[in-house]
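Okay, so subunit A shows up in both of these, paired with subunit B first and subunit C after.
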Partner chain A sequence: MESLFLQQIANGLIVGSIYCLIAIGLTMIFGVMNLSNFAHGDFSMLGAYFAIYTTAYLSGWFGWISSMFIAAIGVGIIGYFVERTMFRPLMKRPTDIDVIMLSIALFIILENGAQLIFGATPQMVVDPFQSASINLFLFQTSYIRIFSFVLAILIIIALQVFLTKTKVGVGIRAASQNSKASMLMGINVSFIYSLTFIIGSALAGLGGVLYGTIFAVYPTMGAMPTLKAFVITIMGGMGSIRGAIVGGIILGVAETLGGSYLSMQYKNSIGFIILILVLLTIPQGLFGRGKRHA
Partner chain B sequence: MSRKNALRNVIAFIVCAGFLFCGSHLMAAGDPIKIGFSGPFTGSLAFNGGEMKKGAQLAVDQINSKGGLFGRKVEVVWGDDEAKPEVGVAVVKKMITRDDVLVVGGGYNSSVMIAVSDVCSQEKTPLVVAVAITPTLTERGLDYVYRTSPNSPQFLMGACQWLEKERKPKTVAFLMENTDYGRDGEKIYSALAKKIGAKELAHLYFEIGDTDFTTQLSKLKNLNPEITFCIGSTTEQALIQKQSKELGYVSQWLGAGGHFTEAFFNMLGTTSAYCMGVSLEPTLAMKDPVVADFVKQYEAKYNGARPGIFSGQAYDNVMVILDAIKRAGNPTGKLAADRDSINKALKSTSIKLTQGTIKFDKTGQVVTVFPYVVQTQIVNGKPELNIIYPPEKATGTYQKPLPWNQRKF
Partner chain C sequence: MHSKVTKIILGTIGVVLLIAAPLVITDRYVQHIMVLSGVYVLLAVSWNLLTGFAGQLNLGHAAFFGIGAYASALISMHFHLSPWLGLLCGGLVASIFGGLLGIPSFRLSGPFLAITTIGFSEITRMVAMNWVGLTRGSLGLYGIPPLTPIKLGQGTSIEFTTEFSAYYVILALIFIIVYVVSTLHRSEFGLTVESLREDEMGAESIGINTSHYKLAVFMISAFIAGTAGAFYAHYERLISPNMLSTGVTFSIITMVMVGGIGTIWGPIIGAVVLTFLSEGLRFVEEAINLDIRMIIYGVVLALVILFMRQGLVGVLSGLGRFISRNPERQT
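Now for the complex of A and B:
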């Protein structure tokens, strides 16, 4: 017996987990560097195109798994250069607006550049499971979605272990709490900034491969994930990884349940309605620090 | 007013008039004949916009390679409307007032073209719409508005007949793009459902750019309608089919047909089986020599790329415009007069093109083109569109969708 309610919860959890992967990178970068990157979803788009080209040369499972590594490394490297050459020089400015404008400019340049280079034709990353699905008694879904869900959880756990158990990870968290104090404690904050941006971009790239396998790949595909990632991070608390995880799941489930039981037409608005409610009642977000960044 | 001021005004007037006169004089002297062509060349519909552009460019190139019109080259002013009404209005205004185009062609989104049609009729510039489907466009009695492709009732007429005479469903459901394109189609199919006594189980919608449809599809699966009407563009339709497979949802999908592009079949492969729609796809009607010639030239120009429905529609659109300019006589450079005589010439259009013979009724709507009903069928492991209705044009017989696990391809 399949239940529509459980099916919708499952749909929401799976989509939410992919939102999480993309949102975590965004929230990490914000937490450490106090930088809102509106081009974050376009890094996912780049990751998805890395996968399109990798799977064109390497077929089957090997190709798909390699494409995730290549996308993460490739987008990580691009992220490093973008951070060093563009964001870093602007971060010393007294206002945030320069950095925000830069990221919006990047978003437009990446989208249009992708259209020029890759063309506007939508494509799909070849699904290694050939979109086979499985009936789990209470609900039905595809192997690729289950795989992505599990992978997203594993990556989140690995990231948590890295941030809490390794010296560098603790450094990232320290810089996120107070960069001046951590500098005084001998942490190389410049290195931490670069590392955070690389990890955030790599996660976006990886999320893009999953997104492009489950959904489709086209130059403008990054816009929606960027928007959702911002809703999630603001809802969960800017800079909080826990907030991004909880926020992602809340958004995924709220969208499917709201779409199913309230109104399908307002499916995309539901996230924003929740966002407004959260901002009005708990301005710092669910897991935000007491004081919001300026 | 002092005399000095009055004198200054007179001088200003003469100078302005002089400029205007010179301007119009310069234009007639063998300059290119300019037409505007708008479409969504960037954004999520950029692929479809690109197909239009290729078809339109082929038409212009064909005319120019034969010496153009009246010995003058034809030049297209491309306008990217980004599928947004406000952008469409801005680019078309610029074409008319700054680029001095004689006619505006192209146009993909119904909501964009409704806004644009108001601008064109204010500016008394003929607007010849290529793709946009809403009947509202030509039904408002605007003198300068034409459409070279069928409107949505005409588009779906064959499909409605097929449902009424052959398929006779008892239950139907709707999953529509939440735009004029989807909503108009919904009205037509809904009216038909009422006419044949089919129960409408659900009316669901999605937005352009949505990627996850599992919410809607889970709901539909629970209701299990015989026919699911779904009108939308390539990317969304491909994702809907893929996710139907993932959720094990089986239904006879019936859309409009704009989504049956090369990219749709490349993305889905055999997952596209049984999907139905209506079509004016040039490659399906290769028995027609005009169509065959168009397909051959298109493939030659674009490295073997297969022309889609929008390529054919845009090609016809530009050909109709150029035919009207030709019949209206060599443009004199007096924009208002030229546009007016082209407007008159458009009314008596009768030209055989890829969609059939194009003739307009009083409202400016083509009344001689009807698309056929098609179904995706798997032949030798590859998806192929077959015409299944009307019987005299059929290239295959209707196949009822099998459950996903019983499909042998």
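Now for the complex of A and C:
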């Protein structure tokens, strides 16, 4: 029993780290642009399909690593076009309902377009470890899961370094705090918006590759990560990266524990129950700044 | 005065046409689509009431539809209650859930409310899928009793098992509900509700208890959707958890946006146009063997939001103004 518990905690941490990647993208876009993208998880789906096609041509380690780069770049480019042509014209609309509904339209287009192009059959990104597993005394897991966990953490650290140590990164954080004031300070906010959307969608794409290597890739895989990313960002506080990291880990662990001890069928609704509890008790989230702004 | 007379004449012609329609169109398949579009009219009207008028973004509207359907079906199957009362029961049960979902809306708005409502509808769908003892899970409920015949004495009675008679039931429901909604819309209640959308803080500052109004709108909207669900259950006589899926909600949203959000006529026009359009697309899909229906929904929704915010109603009224302006200039 003890080892099952630890096993589930480990699985939860690994899944949680992938959730973190996807949720950080969502929370950055929300924090900087005040844009709630309900098609965010579908960028993960696109990233996963980029990886499927890359690994089909390039085999082994080289293929898998380059699929990460290709997914990030490919999804980033798609994100740029989406932001420029769809979301940017709506930034001046008085209500955020339009933006949300446009992102839903995007979600419908991407999901059904993927179904049309790639077919509905689930596929898997080729595991470079050939699904070898490792026994770590307390729990057993596969190499790829450990590797994904480490990789997710490395990406998050790299992002933090970028946001705190580089000029552009500081610009993003400034725009997130107050876009008008940062515009007056000479920051090109329009550029920051595009860049944030690109980084955010690229993170979703990277998360999608990891998700697709551990689980499966299919056209409708994006819907659940979108909802979970929202749950995570609301739990951690909208716009807070620290919140997204903590929220992602909490949700990942809560889901795997709930899935094994409570009910497998209701595993996916655990997030929503957490969501409702958070919204009723601490609506600004764990690390939110909602209270100060409201 | 003049415009009032034309309005009455146009209205009478419209009502006569609607009543005569199934007498002229006798094809049962087309009649079925007409009934289906009627169900969507109710759903679109109720979603528009909540999101278009009150500004409360609800992305879980299918939940009310499904709750109404399951409630009425289960009550009439287990307690042998008349399906006619089931229409009311479905609405009432959905309205209770609407009230529950309305409570978080006191403090939440925009994306927060949207994600809460999605969560609500996903949870209801999962319950309908997994509570096999009650709902038979993904197999769905079948053998739901149809609306019972109305006896006219002397052994004659009106049966409600055909598309033809169901059409008149849904038409009557639409007349009643659209009349109530448009009366509400013109009343002080309607103005107050719209103030929630325009400026919630401003409404609060002049002493409006926004929570009460939000709760009321959530409950009315859910009631209408629940009634539509109950009617659907007794009409199709087979319901499954699919009717609680977000896809249904997104179809409703597209209908309202295409017709014109925040208007009385928009959701009605949008629901009818898109139901028939999507049936037409079904034939195209069969011909080219590709599932393009939902993509077209998505593209249409995106284009409407980007370029035609007022929807078809906006286009039509613009056209109307253009036509009526020209003769004035000549005189």
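In the analysis below, the second predicted complex is superposed on the first by the 283 of 294 C-alpha atoms of A that agree within 3 Å, B and C clash if a C-alpha of one lies under 4 Å from a C-alpha of the other, contacts with A are read in each partner's own complex, and residues count from 1 in each chain.
Assume a contact is a pair of C-beta atoms (placed from the backbone, for glycine too) under 8 Å apart; a residue touches a chain by one contact, two chains touch by 3 or more.
None of the values given here were measured: they were computed from a predicted structure.
Peer 1: Between subunit B and subunit C, positioned on subunit A by superposition, is the outcome a clash or a fit?
Peer 2: Here subunit B and subunit C cannot both sit on subunit A without a clash.
Peer 1: When the two structures are overlaid on chain A, which partner does A:Q265 contact: first (subunit B), second (subunit C), both, or neither?
Peer 2: both
Peer 1: Please indicate which partner A:Q115 is in contact with in the superposed arrangement: first for subunit B, second for subunit C, both, or neither.
Peer 2: Both partners.
Peer 1: With both complexes overlaid on chain A, does A:T256 touch subunit B (first), subunit C (second), both or neither?
Peer 2: It touches subunit B, and subunit C stays clear.
Peer 1: Thinking of the overlay built on chain A, is A:L280 touched by subunit B (first), by subunit C (second), by both, or by neither?
Peer 2: Touch partner of A:L280: subunit C, not subunit B.
Peer 1: Can A:S142 be said to touch subunit B (first), subunit C (second), both, or neither?
Peer 2: It touches subunit B, and subunit C stays clear.
Peer 1: Between subunit B and subunit C, whom does A:I157 touch in the aligned arrangement: first, second, both, or neither?
Peer 2: Neither partner.
Peer 1: Scan A:A181 for contacts with subunit B and subunit C and give back first, second, both or neither.
Peer 2: A:A181 sits against neither subunit B nor subunit C.
Peer 1: Just to be sure I read the superposition right, which of the two partners does A:A105 touch: subunit B = first, subunit C = second, or both, or neither?
Peer 2: Touch partner of A:A105: subunit C, not subunit B.
Peer 1: Show which residues of subunit A both subunit B and subunit C reach, each in its own complex.
Peer 2: 112, 115, 223, 265, 268
Peer 1: For subunit A, which residues are in contact with subunit B within the complex?
Peer 2: For this pair, the touching residues of subunit A are 4, 7-8, 11, 15, 112, 115, 119-124, 131, 133, 135, 140-142, 144-145, 211, 215-216, 218-221, 223-224, 255-256, 259-260, 264-265, 267-268.
Peer 1: What residues on subunit C touch subunit A, complex-wise?
Peer 2: 51, 55, 57, 59, 104, 107-108, 110-112, 114-116, 118-120, 122-123, 126, 129-130, 197, 246, 250, 253, 257, 290-292, 294-295, 297-299, 301-302, 305-306, 309
Peer 1: Considering only the defined contacts, which subunit A positions touch subunit C in the complex?
Peer 2: 30, 36, 38, 86, 89-90, 95-98, 100-102, 104-109, 111-113, 115-116, 223, 227, 230-231, 234, 238, 263, 265-266, 268-269, 271-273, 275-276, 279-280, 283
Peer 1: If we count contacts the way the header does, which residues on subunit B are in touch with subunit A in the complex?
Peer 2: Subunit B reaches subunit A through residues 42-44, 46-47, 49-50, 178, 204-207, 209-212, 214-216, 218-219, 221-222, 234-235, 238-239, 242, 245-248, 263, 266-267, 271, 404.
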